[in-house]
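Next come two complexes built around chain A: one with chain B, the other with chain C.
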Partner chain A sequence: MITIVIILFVLFAMLKVMPIEGYFSNFDKLSQAAIDRGLRELGVRDPLYVQVGRFVKNLFQGDLGISHRYMENKPIKDIIAPKVMVSLRFGVISMLVSLPLGMILGVIMALNKGGIFDKLGNAYIVVIQAVPNAIYFLLIQVYGAQLLHCSMLWREGQAITMILPILSLALPSISSYGMWLRRYMVDETNKDYIKLARAKGVPNATIWFRHVFRNSVVPMVQLIPGSLLMTISGSIYVESLYSIPGMGGLLVDVIKRQDNSMVHALTLIFAVLGILGLLLGDIAMTLVDPRISFSKKGGSR
Partner chain B sequence: MAHTVQDAMAKKLEEGINGSASAQFSDKDDLTPEEIAALPPDDFVLVPYNEEEAERGGYSNYSYWGSTIRMFFKNKVAVAMLAIMGTMLLFTVIQPYLPNQYDPYTCNLITKEMIDEGLVPEKSIVGMPIKNLKPNRVFWFGTNANGQDLWAQIWQGSRNSLIIGFATALIEAVVGIAAGLLWGYVRWLDPIFTEIYNVLNNIPSTIILILVSYVLSPSMGSVIIALSITGWIGMARFIRTQVLIIRDRDYNLASRCLGTPTGRVVVKNLLPQMVSVIMLRMALAIPGGIGSEAFLAYIGLGLPLQTPSLGNLANNGRKLMSTPALRYQLLIPSAFLAVITICFYLVGNAFADAADPRNHV
Partner chain C sequence: MEREVILSVKDLNVKFSLRGKVLHAIRGISLDLYKGESLAIVGESGSGKSVFCKNFIGLLDKNGWVDSGTIEYKDMDLAKFKKDKEWSKIRGKEIAMVMQDPMTSLNPLKTIGWQIEEAFRLHQDLKGEAAKNKAIEILADVGIPDPARRYGQYPHEFSGGMRQRVVIAIAMACNPRILICDEPTTALDVTIQAQILNLIKDLKDKYDLTTIYITHDLGVVANVADRIAVMYAGDIVEIGTCDEVFYNPKHPYTWALLSSLPQLGVKGEDLYAIKGTPPNLFHPIRGDAFAARNPQALKIDFEHRPPYFEVSPTHKARTWLLDPRAPKVDPPAIIQNIRNIKRGGVENG
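== the complex of A and B ==
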């Protein structure tokens, strides 16, 4: 909570530095009096605590504010709501694709450690992690559209145009899920209790799926709520490449246009989502693994 | 009574010690010159290094960097990547001094000879810029929409991108390591730094980038500063986690108990433990910086358009990608970007593995 207040203060302080020309579309033609009046209406001349206080007060009344320049005098809630739905749809579908695929990749690589599948998977992970997203997203768009004989841009209601954006969103997450699951599984197999289980003669399949896999998934579970929430913010590359009317790029857009109230609202939303994601991740982890507990018990130091 | 008995015992003990000591050393204390001359001279000759004997004496010729380099060269893929990387780095430096290179900034104009040689279409007008010429034997990578030689532009762009990558990695490392050490080691600073991290992590970096580009005019310097401002905190957090892991190990506790000053504990006990992870982060920060530069170019906050960088060039190519004939302007910079980042990534990973003493045999 305190963190969010500090974030708001820093944000408002930074926006004060923005050039005042940016707040008006016809700055050159305005008289000094009109500029003063406009700035007073926007409230950017007020001291910091007044600005933050006003924003928080409106927030508790469920009012995110009104857009000034992005869409004039439209409530921000109404601008964001449909965009969130679009981004959420793409994000959730791509997660539904990437999570199982990433897990399968990780399991195969761990089972085949040092073998050909491990090496191929590693090559894929290296390429995806090292090459900037923009580059392979572009190539997927250009050549994927040719291959599928469909339009390069997304069209509402045409399922085939959703394939490429989903693929672009899923590729990086598959590689990171696969990489981490492999790492955790390999670490888990080196532990003593696994050696004991082997010595005892527990069947290999049981060791892998009842012990190694289940224990390695715990740290992955922590990431899932966060990445699910973060899909709301959308992907700036994918959404602008396929002209999807989502949240990605909205922040960059409103910062450039100096629509301060939009910047405030979006920053707040993203900060809350980030913090909420961490919190939910911890809760999810305690649900999956009863050994983990964040509440202080008598026995702990 | 008791007093005298004790005294007597002490005297007896003293005599015993002195007696045995003098018995041991009396005849060996000083050699006479004759005795010295009689010693065999072979005992005083430098012996060549003998591994078996050295092991018996507990001596090891283990050197940290020697083992690191040996381990690194065992990884054939990484060595190949290092070779490619080295060649590219060398070439970005010497390319402008090679003969027959075009200047990356001049707009090349169509000359009579070019039409005669069939380089450009018949109907071209002499004196016009050579626009979007496909790769050929004069312009190896073709020309762009301004008639600039793409080959020269690519190398100039690689140079700029690499400078940005190296500079951001260096600044991030220096600032991030210093902050991370303080964050992890000084307990009362921990909540303050954690709060700074939470705030910085949640303020959209785009705002910081835009503010920096307002305050400073867009240039290499401003891009480097903008990327460093947003990047150091990640490095600091990483170092902090590492410090927390090894801060309270027994040898550090012992060091503190013996009165070692904090600065010395940090520099001599903590930093050497983290060489491999720091090298890994730095090696990954270079392709990261190059990638972030490409992102800035994409959202229009990067270098000014006339300054070529791999991000800028790829972004220019993107605008032309709907024309299949002009896709070389996207593919060539993309390929360069991919090769450079993959090389750094693999070499960095391999080096970090080699620098970890646990992997040394």
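== the complex of A and C ==
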């Protein structure tokens, strides 16, 4: 809560120093009086606490404000809502694809550590992480569309046109999930309790599944809610490539156009999502890791 | 008195491949382990004591292998075992191991009870309520108070000493014949060490176990061992009963080891330390491995590897000093006092 208030104050303070020319489309032709009136209407002349207070007050009435320049005089809620749904749809599907695939990749690499599959997986990860994704996104779009005999752009209602953007979104996630899981699993295998389990006579397959995999997933669980929520913000590049009307790039766009009320609303949403993601991640951790708990229990040491 | 041999190692050679080079970690060890005895293997870090024992349950690191030699146990040659499946008959069930660091040797995400029961499920086909009762019984056995409540707790809710008890409970859960304790007290508080040693001793008597202690702490050894094997550079240089090795040591390395006991130190004087470093096992060793660090080394020590000379039927040492032609070299004066110390200070060392 405090975090959000601080973010709001910083945000409003920064927007106060924006050049005033940006607030008007016909600045040069306006009289000084008209400019003053316009700025007062926008509220940017008011002291910081008044601006923040007003914003928060409206917020509690479920009002995110009204866009001034992005789409004139349209409630921000109505602008964002459909965009969120689009981005969320792509994000969630790509996550549903990439999470299991990434995990499978990680497991295969860890099991085959030092072997050919590990090396291939590593090559994939390095390529995906190191090559600017603009390059392979374009390749996917151009050759993928040929291969699938479908449009290069996304069309509502044509499921086949979703494949390429989702593939583009999933590739980097698969590589990072794979990389982390492999790393965590290799870490776990070197731990003493795995040796003890071996000494106890637990068969290898059981050790891998019950001890190594289970324990390696724990640190990943924390990241999942966060990355799921952040898919709402969309991907600038993928969405513009396939002309998907999502959230990607919206924030940059409205900052450039100095649509302050849109900036406020979006920043608030992203901040809340970020915090919520962390919180949900922590809650998820307590479910899978008995060592972590929110309530303070009396230890028996 | 002929005692029953439970495990017999013959001329065991173990090698590791490390960064393209071959390291000769165990250089031809032969050893008979008697049923019901308690053997201590002592030596400094890197002398191969852990590696040697890991061979008994097939837990050598992946880059290591048995080059030659046999490990006989119940008409099986463990040195020939390759697959997990073969080892599953031995691990836990016949030979169990207690690791050094109890803080990390339990799975942090599973309850203590689950981890003990895992052993039951594997080796005794015991499930459900019966397994639970047995687990609680074992927890009580290793001296954990309120075992029924502790059964459902996680490792982080236990202290170091208690965790080591749990680790021992897990080892005991499989009802093994041989228990290997790899530095079981090194990571523990001094006050807890004696408790854990006594616990192992009690369990040994109760379940008729054969125990192997791997340690570099001669204080531990004095307390628990029937026999002592002194290892240096992948070889047993001296082996004998506890009294023989403590009171009548023959190998210069054993002398040096005993001289460095802190309990023998005189106030105001520096503790004795063995000069130099152990030999590099990447290269073949010529002569006696300890010769380079041995102030009393003979010329022949640098040329030929000494054979075992028998001091008594139970006591032998690999040193040319025992050859009839060798000059008489007395053990350092400082270790003559050891008799007084062993009764007193070392007891709980």
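Keep this in mind: the second predicted complex is superposed on the first by the 296 of 301 C-alpha atoms of A that agree within 3 Å, B and C clash if a C-alpha of one lies under 4 Å from a C-alpha of the other, contacts with A are read in each partner's own complex, and residues count from 1 in each chain.
Throughout what follows, contacts are C-beta pairs under 8 Å (C-beta built on N, C-alpha and C of every residue); 3 or more make two chains touch, one makes a residue touch a chain.
Small disclaimer: the values here were computed from a predicted structure and weren't measured.
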What is the contact status of A:L120 with respect to chain B (first) and chain C (second): first, second, both, or neither?
neither
Of the two partner chains, chain B (first) and chain C (second), which one does A:V263 touch, if any: first, second, both, or neither?
first
Between chain B (first) and chain C (second), which does A:R291 come into contact with in this model arrangement: first, second, both, or neither?
second
Check whether A:V217 is in contact with chain B, with chain C, with both or with neither, and answer first, second, both or neither.
neither
Of the two partner chains, chain B (first) and chain C (second), which one does A:M230 touch, if any: first, second, both, or neither?
neither
Chain C versus chain B, contacts on chain A by residue:
B
Shared contact residues on chain A - chain B and chain C
none
For chain A, which residues are in contact with chain C within the complex?
191-193, 195-204, 211, 214-215, 218, 288-291, 299-301
So in the complex, the part of chain A that touches chain B is made up of which residues?
2-3, 6-7, 10-11, 14-15, 17-19, 126-127, 129-135, 138-139, 142, 152, 236-237, 249, 251-252, 255-256, 263, 266-267, 270-271, 274-275
The residues of chain B that touch chain A in their complex are 195, 198-199, 201-204, 206-208, 210-211, 214-215, 287, 290-291, 294-295, 298-300, 311, 314, 318, 321-322, 327, 330, 334, 337-338, 341-342, 344-346
Interface residues, chain C side, partner chain A - complex:
57, 59, 84-85, 87-88, 90-93, 96-97, 99-101, 104-109, 111, 118-119, 122-123, 153-154, 156-159, 167, 170-171, 174
